[in-house]
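In the two assemblies presented below, chain A is common to both, partnered first by chain B and then by chain C.
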Partner chain A sequence: MEVVRKRIRSDATSLAVRGFGYVFIGLFAICCLVPFLLVLGTSFTSEGSITKHGFNIWPREFSTFAYKIVFENPGLIVGSYMVTILITVVGTAAGLFLVAMTGYALQRPDFAQRNGISFFIYFTTLFSGGIVPFYLLINQYLKLHDSYLAVLLPGLMSPFLIIMMKSFTKSIPHAITESAKIDGAGDFTIFLRLILPMTTPALATIGLFIALGYWNEWYNAMLFLSPDMKYRPLQLFLYNVITSADFIRNSSAASNVPLRDMPLESMKMATAVVATGPVILFYPFVQRYFIQGITVGAVKG
Partner chain B sequence: MLMCVPAILFFAVFAYLPMPGLYLAFIKYNYTDGIFKSPFIGFDNFRFLVMTGDLWRLTFNTIAYNVAFIVLGNFLQIFVAIMLNELRKKWFKKLSQTIMFLPFFISFVIIGLIAYNILSFDYGLLNSILKSLGADPVKTYSNPHVWPLIIIITFLWQSTGYGSIVYFAAIMGLDSEVVEASEIDGANALQRILYIVLPWLKPTFIILLLFSLGGVLRGNFGLFYNLVGANNTSLYATTDIIETYVFRSLMNNFNFSMGSAVSLYQSVFGFIVVITANWLVKKTSPDNSLF
Partner chain C sequence: MGHMKRMAVTIFMLILVISLAACGSGNNGNGNTADNGKSANAGNGGNKAADNGAKDDGKIDTSDFETITYVVLGDKPKNGQLEKVMEKVNTTLKQKANAELQFKWVEWADWQTKYNLLLASGEPLDLITIGTDWLDTWGNAQRGAFLPLNDLLEKYAPQTFAEIPKEDWDQSKFKDDIVMIPEDHYTQWVNHGIYYRGDWAKQFGITQPITDFETLGKYFQGVKDNMKDVVPWDTNGTNGTLYGGFEASYTDNIDLPIATGYANVYTAKSYDERYTVDSPIFNDKFIDFAKLMKQWGDAGYWREDVLNYKGDTRTELKAGQTGADAHHTQTFKGLRVEMDKQQPGSELQMFSYSDTRGNLISMPITHGGTSIGAHSKHPERALMVYDLIRQDPELYHLINYGLEGVQYEIKDGIRTRPAGYDEAKDGFYTDFWGGRIDKNEIPSDTDWSGIGDIYKKYDGIKKPFPYGKFVFDKTSVDPEMTAISQVVGEQLPAILYGKAGDPEKAVQALRDKLKAAGYDKVKDEIQKQLDAFKASEQG
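Then we have the complex of A and B:
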């Protein structure tokens, strides 16, 4: 069998297809990587070289000046990190718990209102009030402006994740729930003690989705957190460094470097590297779970 | 059951409570009078949007970008998944998948910075390359014609690695006996792809298509806002989508009524699109419809 397979697989067309595959995938992967190297390279380039030669992947004149200035006044960056980590940890834990609980409850065959409630949740993906009423709700009625809750609360659940959890817990036989019931366990105990441990792969994937959402969150932060707030979530902090000259002016004053000598461009890149670096180092370890989870979801349909 | 109460409360507050707020679309909102005392003006906001031509531009841009995203995105994702499946070297497959997935992992703020890195008139990589080739540098940030291309490429760059995983997983579910049988019958890789793998991917494609059609009037705000910026007037003709318009009416002009009018139009129109698409799919292949 092996011999036959080998012979058949290596006909000319198949070899050509495979060869093309290597070249295409290889090139595409390089295209995905290069922009990151560009940011990294620029952050280590001296400002003079940037104004003369432009951005480059490989620094023509190596310099760590931008990093020196970024780290000279680390308070803001560390504060932003803390805010983002806090929101991500709390939001992911709470959101994951709520999504898992809802998803489990909504597929229980003995839960009569499950279809009604499922539709209640699903309908929000079809029709929405838009951001203007949402903005007024958060700002004027819930009074959450300038509160980290305005960033934390809206990201807790999404219909997509609930549906994902629902279809995953469907594969757990209902008989398990029933037999636990006969043994005298309450619904909540069954969920905590039996269902949660059995759904670890789904929990990992959904948790990662929620965490990624919080880590990269800047939209609600931009809408609801005013500029006088000292510590803002990391992405919003980065956004301000990139777009506003104020930040550069402040750090110029703080580090006693005259404004005209400030490495404007390389500082933007250095801040981006500092803000993203740890996540990218972490990324290869969690990416596996993402792929697993998406795969499970796709196969189940 | 008690377990659903938090979810019901959550969606009631964050999704249903804003819906009556769409009433804003029919009034001339001013801050001092609030929602209920501001004068009711009926469809005047909509009339204004049609007369200025804004509504047409927003609809066209939003739909055109989404159609391009859906068509090109799915095409590239399927293509990458099939090519990945042809590769034999395991380390190469793993490594390239990891790298292609990376852009999905970062925030739009970083994506905006990367675009600036490449496209900036004075220092951008693109102009460095053009200059070294002896060509004239391009003023990207004031030339509206290049933006559809830039936005579509950025979208493909960010989403292909992630999206191809779904198709790759679907290919993995293909019965290996069918593939082996075809090989023994003498099918080469090209024939196998055309006659076995592609038809096999059709249901997955239809489901994903339906999901994305539902959002055909919903823009990718983060992408547009961070690439273009909200206030780059010279690029509106080709880059202004519904979300950026609504955002501006909220944050810059404080024209809450106009923003709500566009949102309402978006929701109603989008709703009709989903229902129609689902109805069409149900008629042709009932198993693949969403509801």
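Then we have the complex of A and C:
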């Protein structure tokens, strides 16, 4: 301990590098934080002040009008929140399980068809059917329109995450699987009891990817969930608040839409704050796994 | 060995790719034929049903209760007013046609994709809002999304059928079939121009209405000189209105319904030579115009960072922070009333670009309209419902304005908001843009009373829209058009706002880049198709 400290102290360049690193990263962190503060500040600024003075971190004229419009119908936004949370939790749990299982199975050397099946999965990353077949599949054949499943199912697995999982589980020696087998464990037991606990970093990373995917999901919801549904995912709800405000202000065909004053700029910011809130709270807890998981995946992939 | 294996894999891949590609196109082919088949069937089915439905005495059988869907664009109102109004609408509809109406909303979130997917999906839609100039109606008609209405209209929508003149029905045909009911009896003008403050103009000695760019420049200079801290026209660079202004004020060119991104590069030479392709960009006057814009930009009529500025001009105008704003006549008629409230005495005026030389083409009558879905299960009843909501004043008022006493009151023949009206609680709309009609409209106090004079002025100079049935097929020049759109989007805004350096050089550079992007090839293609269109128009 003593020796180490001495060596660091004696090494002036290293100190300089460290100092520089702290300063640089500190500045960088501030650079990342400023836009967010700007968003937060603007969301509380009155629209008139924005047009006059532009965006400010500290609101010149404090106003909660933007939030008032976003929360005009509190029941709706709470409902949308619930839907999004539900979809995110269920989707992440199910997706994680499926991706982990697929990734593990695809790298087991004693699984004869692994290359063939992998190929089919990777192949879909090169070609896609396009949006019309996708729409027809979900809407006409699976009849999932106006059902939360239409949002849940398409996001469950993605080839990219399977590849990541596969390369991560590759780092676990096959001998472990084999020894467990000799001890009489079935494949499913091996996966649940041995493999899953060893892949926590990867699971956290992939889980975060899936969760963010579901949290930010609005496109599938836009396509398949009609306005007749009472509650739809948060992002779609907010997107609609913005686009309709935008449209009302720039309306061309809509001459009989009642005009009202829309604090568009501050409203955009308010929706951004509403939409990011929970993710910001949740992110620091998985972040440490995130770094580990993504590096391992990168090195071995 | 390894080599052999690699070869085999490569060959396998190739086969897969080719077979997939083949598969794809095969599917497309099938899809199309299936679609055509279906729409033809639906057509037949509809006609048959019509025959069966009609009893010998000519009465229409409405013994089965039907639900009619109507695809509209807009966000569904969430405050419960829609349900209340629709209840009344449906009570009346049940009496008159034994049917009920249900709106199917396509929200503004990515509406183009959603609307087209909905039509492509083969869902049984009854009534569908259409617009040939903004909803790709011809494309959808080509894909078989709409039911031919030829034999149904007279019987099931008799009032509408009689009201719309034959020329307008002709404009609504795809090949030989009527595929849409145009909103041709509703006055709306999307004639663009610049709004300016009448009170300020007077102060600067501009006593006559502004009708050209030179006087507009004087007005801007006046604002610059007399109003402290006011940007004469605080616009942003995404606004391409000046290009249209140049076209209408300095040339005889008229717009072709061919979009090339930020601005339409191709126009027709003039109304008289409407089958000859031309481009305002290659007109010598464009250089003069670019010079004028440079002069305006240098004089500070808009802000220095106009190309990056993202502020909202209209809000500023209402706050008295800018002297001008730009949009079209429909917006003006509401904005004028708002300005009278928010900036009393401002006397907002509009310089519409057609004022300079009377270069004005009317809107296509199919800017709004309604079609019946190819897979509709009961097109006859859908037409009956359409006829009712378009022609029956009671239903029309319900659908467009809501309930009298809740959403509106009539005072001296003018629609106004009742006392205690709260937008959040009582607000109502249906975004019914597929069959509005002047005779059933009640004037509103949100519309400027002087708008009639402007309409009259326009009616005096307008020329009929000549391209109602011209559908440009861009398949053979798609990449070139994309490239052209890109060039226009990159180069033109800077020229329009005088930020491209030497105007002559900038215009030359724009022209060169357009040429390199395939300007001539596209021009030839448009000319070819216009020639064919001309031949078909003139029989």
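Here, the second predicted complex is superposed on the first by the 221 of 301 C-alpha atoms of A that agree within 3 Å, B and C clash if a C-alpha of one lies under 4 Å from a C-alpha of the other, contacts with A are read in each partner's own complex, and residues count from 1 in each chain.
Here is the rule we use: a contact is a pair of C-beta atoms (placed from the backbone, for glycine too) under 8 Å apart; a residue touches a chain by one contact, two chains touch by 3 or more.
The structure displayed is predicted, hence computed values, not measured ones.
Shared-chain residue A:Ile131: touches chain B and chain C both. In the superposed model, A:Tyr219 makes contact with both chain B and chain C. In the superposed pair of complexes, A:Pro154 makes contact with chain B only, with no contact to chain C.
Touch criterion not met for A:Leu281: it reaches neither chain B nor chain C. Judged by the touch definition given at the top, the superposed model places A:Ala175 against neither chain B nor chain C.
Contacts of A:Ile117 after superposition: chain B is touched, whereas chain C is not reached. Of the two partner chains, chain C is the only one that A:Ser244 touches; chain B does not reach it. Of the two partners chain B and chain C, more chain A residues are in touch with B. Judged by the touch definition given at the top, the superposed model places A:Glu265 against both chain B and chain C.
Touched by chain B in one complex and by chain C in the other are residues 51, 127, 131-132, 135-136, 218-219, 223, 236, 239, 243, 265 of chain A. Residues 1-4, 6-8, 10-11, 13-22, 24, 35, 79-80, 83-84, 86-89, 92, 95-103, 105-110, 112-114, 116-118, 120, 122-125, 127-128, 157, 160-162, 165-170, 172-173, 180, 183-184, 186, 188-191, 193, 203-204, 207, 214, 221-222, 226, 229, 243, 246-247, 249-251, 256, 259-260, 262-264, 266-267, 270-271, 274, 291 of chain B are the ones touching chain A in the complex. The touching residues of chain C, counted against chain A in their complex, run 16, 20, 74-76, 78-79, 104-105, 107-110, 113-114, 117, 120-123, 131, 134, 188, 190, 311-312, 314-316, 319, 321, 327-328, 330-331, 333-334, 338, 367-368, 400-401, 423-424, 427, 429, 431, 433, 436, 446. Residue ranges of chain A in contact with chain C, taken from their complex: 47-48, 51-52, 72-73, 76, 123, 127, 131-132, 135-136, 139-140, 218-219, 222-223, 226-228, 236, 239-240, 243-244, 246-247, 249-260, 264-265.
Interface residues of chain A, counted against chain B in their complex, comprise 4-5, 8-9, 11-14, 17-18, 20-22, 24-26, 28-29, 31-33, 35-36, 38-39, 42, 50-51, 53-57, 98, 101-102, 104-106, 108, 111, 113, 117, 120-122, 124-137, 141-142, 153-154, 156-157, 159, 162, 187-188, 191, 212, 215-216, 218-219, 223, 235-236, 238-239, 242-243, 265, 268-269, 272, 275-276, 279-280, 283-284, 287, 290-291, 294-295, 297-299, 301.
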